[in-house]
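Chain naming follows the written order as A, B, C, D and E, and within any one chain the residues start at number 1.
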Amino acid sequence: MTQLVWDGLFVGSFYALVALGYSMVYGIIKLLNFAHGDIYMLGAFAGFVVLSGVGGVSAAFSVVALVGALVAAMAVTGGLGVLVERVAYRPLRGSPRLAVLITAVGVSFTLEYGVAATGANPRVFPVRVESQALQVLGVRITVAQLALMAIAVGLMVALDRYVNRTSTGRAMRAIALDPKGALLMGVNVNAVISRTFFIGSALAGAAGVMAGAYYGKIEFLMGFLIGLKAFTAAVMGGIGNIRGAMLGGLLLGLLEAFGAHFLGGEWRDVFTFAVLILFLSVKPTGLLGERVSERV
Amino acid sequence: MGKWVGPAGLLVAVAVPFVDASPYTLNVLTTAAIFVMLAAGLNIVVGYCGLLDLGYVAFMAVGAYTSGILSTALELPLPLTIPAVLVVAVLAALVIGAPTLRLRSDYLAIVTLGFGEIIRITATNLDFTGGPTGIFGIPGIEVGGPAGFYFFCVAVVALAVLGSARLERSRLGRAWMFIREDEDAAEAMGVNTYRVKLLAYVFGAVWGALAGVLFAAHLSAVSPQSFVFLQSALVLMAVVLGGMGSTRGVVVGAAVISVVPEVLRDLGAFRYVFFGVVLIVVMVLRPQGLWPVRRREPERAEVREGVRV
Amino acid sequence: MTALLEVRDLGISFGGVRAVDGLTFSVAHGEIVSVIGPNGAGKTSAFNCVTGFYKPTRGRVVLDGKDITGWSPFAVAAAGVARTFQNLRLFPDLTVLDNVRAGMHLRGGQNAFDALLRTPRFKRAEKYLTEKAHEWLDFVGYEGPRGGPVRDLPYGRQRQVEIARALAREAPLVLLDEPGAGLNHGEKAELLGLIRRIRDLGRTVVLIEHDMGLVMEVSERVVVLDHGREIADGTPAQVKADPAVVEAYLGREG
Amino acid sequence: GGGLLGGGGNAGGPIKIGMAVPLSGSSAPIGPNMKNGAQLAVDEINARGGLLGRQVELDVEDEACDPTSAVAAANKLVSAGVVVSVGGYCSSATLPTLPVFDKAGIPMVIPAANSEQLVGQKLPTVFLINPTGAQQSEAAVQWIRKRQAKTVAVLDDNTSYSTDIAKRTTQLLTDAGLTAHSTSVTPGESDYGSTVTKVLGQNPDFVYWTGYFQEGGLLVDQFRRAGYAKDFMVADGSVDPSLASIAGGADGVFATMTTTPDTIEGAGDWITKYRTKFNAEPGPYSTQSYDAVRVAAEAIEKAGGTDGKKITKALEELKDFPIFSGPLTFSDRHTLAKGGFQILVVKGGKFVLQDALR
Amino acid sequence: MLEFTDVHVRYGHVEALRGVSLRVERGEIVALLGNNGAGKSTTLCAASALVPVASGTITLDGEPLPGKPWHVVRGGLVHVPEGRRVFSTLTVLENLQLGGFTHPDKAEVARRVDGVFDLLPLLAKRRAQQGGTLSGGEQQLVAIGRALVAAPRVLMLDEPSMGLAPLMVAAVLDLVRKINAEGTTVLLVEQNARAALGITHRGYVLENGVVTLSGPASVLAEDPRVVEAYLGA
């Protein structure tokens, strides 16, 4: 039982990390960023390329190599996120908000099948995190899991502070509400949106490398499902709410673990979505969603 | 020009087989026609009423499975299953809509996505839906071979498109648009927004379910693979690509979304890279959609030759 | 004379803020009543309680003898209340005509089958709606384009369209929230005439307004709110002389 | 092609063999394996001078494991004038293509899809050269009992191929008086931790995975990490060298598998040829696709022409035609008369023969 | 210091400004009057780069204004728009803080925010309330307060008195006069012409996208055309 909770939280922290970027972007330009999961995938492949370039590494060196790959992949995916926004999303600013959905799917196809063109077979990460298992309160926890969780939580906390405590964060929320109003405050809307994409994509990239290093296998469609889940988590947490996205990710991980355990894997997603729907019909703004405050 | 756009489009659709009637062409055309119907149905929900539905294929699945199961289990001819399909579709719309339509747009999106997945997974897990393999050996609608079936589809789809266009220009259609534009103001006008939204769902569901029947007849098989999330996303893309709320646009959008990947087939592994690029380029060039609505009506002067009251 | 609208001991609060706090007043058939008060006094909130956009936490709203407290906005609308909004709430992408037709939504005259089959009934209903929409636009003195989206109109015209839309509802009670905001002097004079003509149609008008010139000129009775409560109720002259009103609202040299 | 008013037709030229396989979507990695296997056979035939004096041409279309795409692909092949179809991987996508080929009178030699329902439709033109789930589950149960397991966990990925084997295996195990638990996972994910926890809670001494190698590799790894050290077996869809590399080592993992070049004496040659030609390792269903082309070619040769009816008849009359899984003779139901399943085991990252189950 | 020369602005085929020329000198308050749809708001939007100028020039201190709104704001020109544009789910405090977005010194911004709360006690009471739930007048005050936090060299106000109670109108116009006295140049669009001309130095009247009248406030206030259309007898 407690093992189940841990399993759920561990997967959930990946969802949360990807959901954060999703939520930021969704919050600010109301974009269902279908390509976000693919950025995660690209992060994993970037890490793969870096590590393969380094060649075989000794066990002692592997942590250093992994951190290096993590940073490199974050830079690559962050940059890519900015590029994608520039090319495919910015020209559609001010068009119906769903218009961007199309280019997002376009980007998603391009990224997925661009990678698939280099070979559709899964790749195996050259460096794996293998580690000691500990028994804590009857729960199997590995050091690697702890380390990954710590990195994830660290990134999330840093982001939370950034968005809620800095003027850039305030500007992000202002753009989400009224871009024209934000312009009048002297906010360089383009720059702030670019920054949002950089951060969100870098986080997804980090998650991608971490997944590659932990699970070992990466492939060109690995971003699809997690992208969908990140969206779910982001909404569950309350749209555009950073802490909500984190909570949503963890909760989703837990729900899945419990669903799989009690109802069987085949009914897991039915259970998860059913809970989500019930939950939203009771609390229509998600876990931490801001209350609807349009007044007449 | 407005008046003859519809007939002209219909004429083109009917004429193509006289140029090329290979099984492949007919198949692509039939698939496209069914896709147009789906898009027209989703356009009611998303385009007219502004409800973001990410699980629309659920309704198509409901239609396809209902007719597939009934026609194979009871050995009924497919058209006779339609009354049952309508009943089930309306029920599905009510079940899905009733608890969720009080949600605002983005939350509604995730809930509909969830329902879409629930329906697909349930169909995968249950026995009477044929599990992951689905239902197969469904009798087609025998109206003179593949070409005949294509013409039949075109006729049905044309009616569906005409119907949705007529709904748009009616009291109900306007109520949908009031809700899309400003829900509070619509309420103040006496629009029972909840009921009217539910009606949008019901109409969307009926269109989708009927498209599902055509789909089942066309493929002779129904399986969960056909109702994955990507499919919902593609229908939504057709609506947006064409121009939300614009009937003509949506027809064009659906044709593009279903035909372009086929045209690109010969590019092999690269076809989705190209499809992706095409989507980006088209949308960047025409952000409002291929054929957006231009909401204009004649000024009074144009109607009454300047007579003032 | 019986009261058309009766508000008794109405109250609503938001997280401790009592926006409306025990408000009681009534409006008789065929009256023009102004509601005035400082910013944040609770005027709009009171309108929102009456029209169902807020659920009052206490008190009753009675329309023509019928208790409509807590009804949904659309039900209140159907019961015979039309309103405009302080921050314009038009349907920006729809045409001017469609906006006015929205006011006539409850008129019916057709159903989905009529629409699908384009029955004569449907055509008749549509023709009627269009004509009526033009008439109402004429009535409010609207002189801009009617077939294009309302989004492109300047503010003052949009106000006119909103009023036309409310009138098209043909409801006995019309609530106007700051109809004069953003209008210049000349336009306010036209508004004044319009409000009188509305009353002459047999409607009852309640308006929230900050322009004292307009209020004094047009109203038969003025209700003054402060802190969610009524602090004065009387003819314009009485109210203007009321020291409490001067203190809270008008200012000494006002 | 011609319109409804005109006529179309094609005669002479190369003999076209069609193949619809997944080249996009989640099963995309499988497509190239099958395509290459088939191409190898075609090239061999052409090198020998072709069929009936004509060259053979392979026409491959993407079916994306999606019924709509598959039907489009099938129609495209029909329109291109193929005389035999040698494709078919996902059962649910292959099923709706059967009537398309059948109506056009084109026989199908299906190399990979193996749902019983493919032949359950009793179309005369459908032939399976891949053993069905029934045969595989029998082999699995035979081995499980040999290992004297008591409690067996059967895992599938909720696709028709996988659930078919899982359901049959569970049934057979229960009938044999063993305890069998079955559960599904969602393919395409990375973390199956909660499934592993659940399964370990049932204290199995044997785990059987009936899905593909991608998830298979992850499951082997995650079971190991969770401390499971007993028997683990995978079905034929997981027999791929990648299984071991994904798992980070899978030595000792069993597999139910038909005969493959790896396990056949003297087939090393074939593997080398494949490798040099495509610069890749043969993968799942490479051999079956290779064989499908050869079987089709044999039938065309025997039929002495490209007439569908004659080819069908020739297929039915094939006797002990040598293919990788053993001499081929079709049963009345157009399936392999004999399953020919064996048990392999991973050693040093490679699948080697463990038990021929004879 | 702010100068428009022959400015044209088009919305599609509607020509909203048809050659507007006007000047605001350093330290002045200048009023811009005109009917609905005359182009007053468009004039302000052109300066703050919210709408593109089709032809003509707008200069600040003799330099052409930059083409991006955020550069304009950094250049010291701030525009309080029509319709308030309060950020609805941000609190009053956060809304005010955003006013100081371009100011690098956080402490200074905090000081200015406190200053605004002192000036507008009505807002101080609502410090933590979401902007969208404020009453109309309260929102108007937030919009003005934000501009005060920005502390611009030139301030453009679009109908600041809209929706304000008489006492509040007086207070806000007082405020405008005060910040002007402290050195801020003001361009004021106002429908409440009487009140506006009361505090301004000069004024312009805009009709159908062109300036038709201009002069010192006291002269305009006497002009029969202005009296009839904008002031009333």
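Throughout what follows, a residue touches a chain if its C-beta (ideal position, glycine included) is under 8 Å from a C-beta of that chain, and two chains touch if they have at least 3 such contacts.
The UniProt protein names, listed by chain, are A = Amino acid/amide ABC transporter membrane protein 1 (HAAT family); B = Amino acid/amide ABC transporter membrane protein 2 (HAAT family); C, E = Branched-chain amino acid transport system ATP-binding protein.
The structure presented is a predicted model; accordingly, all values stated were derived computationally and were not measured.
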| item | value |
| --- | --- |
| Shared chain contacts [chain D and chain E, defined touch] | A |
| Pair with more cross-chain C-beta pairs in contact, given A-B and A-D | A-B |
| Whole-Å separation of chain centres (CA-atom averages), chain B against chain D | 36 |
| Whole-Å gap separating chain A and chain E, where each centre is the average of the chain's CA atoms | 42 |
| Distance between the centres, which are taken as Cα means, of chain C and chain A, whole angstrom | 48 |
| Chain B, residues touching no fewer than two other chains | 124-125, 184, 188, 269, 271-272 |
| Junction residues of chain E - those touching two or more other chains | 133 |
| Shared interface positions of chain D, touching two or more other chains | 23-24, 28, 158 |
| Of all residues in chain A, those that touch chain B in their complex | 26, 30, 32, 34, 87-88, 91-92, 94-96, 98-103, 105-114, 116-117, 120, 228, 231-232, 235-236, 239, 266-267, 269-270, 273-274, 276-277, 280-281, 284-286, 292, 294, 296 |
| Chain D - residues contacting chain B, complex | 1-5, 8, 23-24, 28, 61-62, 65-68, 71-72, 75-76, 78-80, 90-93, 95-96, 99-100, 104, 115, 117, 121, 158-160, 163-164 |
| Residue ranges of chain B touching chain A (in the complex, touch as defined) | 46, 52, 99-100, 102-104, 106-107, 109-111, 113-115, 117-118, 121-122, 124-125, 184, 188, 229, 233, 236-237, 240-241, 244, 269-273, 275-280, 282-284, 287-289 |
| Touching residues on chain E, where the partner in the complex is chain C | 11, 14, 33-37, 41, 82-83, 122, 129, 133-138, 140-141, 159, 162-170, 191, 193, 228-232 |
| Of all residues in chain E, those that touch chain A in their complex | 48, 50, 68-70, 72-74, 78-81, 85-90, 94, 97-102, 106, 130, 132-133, 146, 150 |
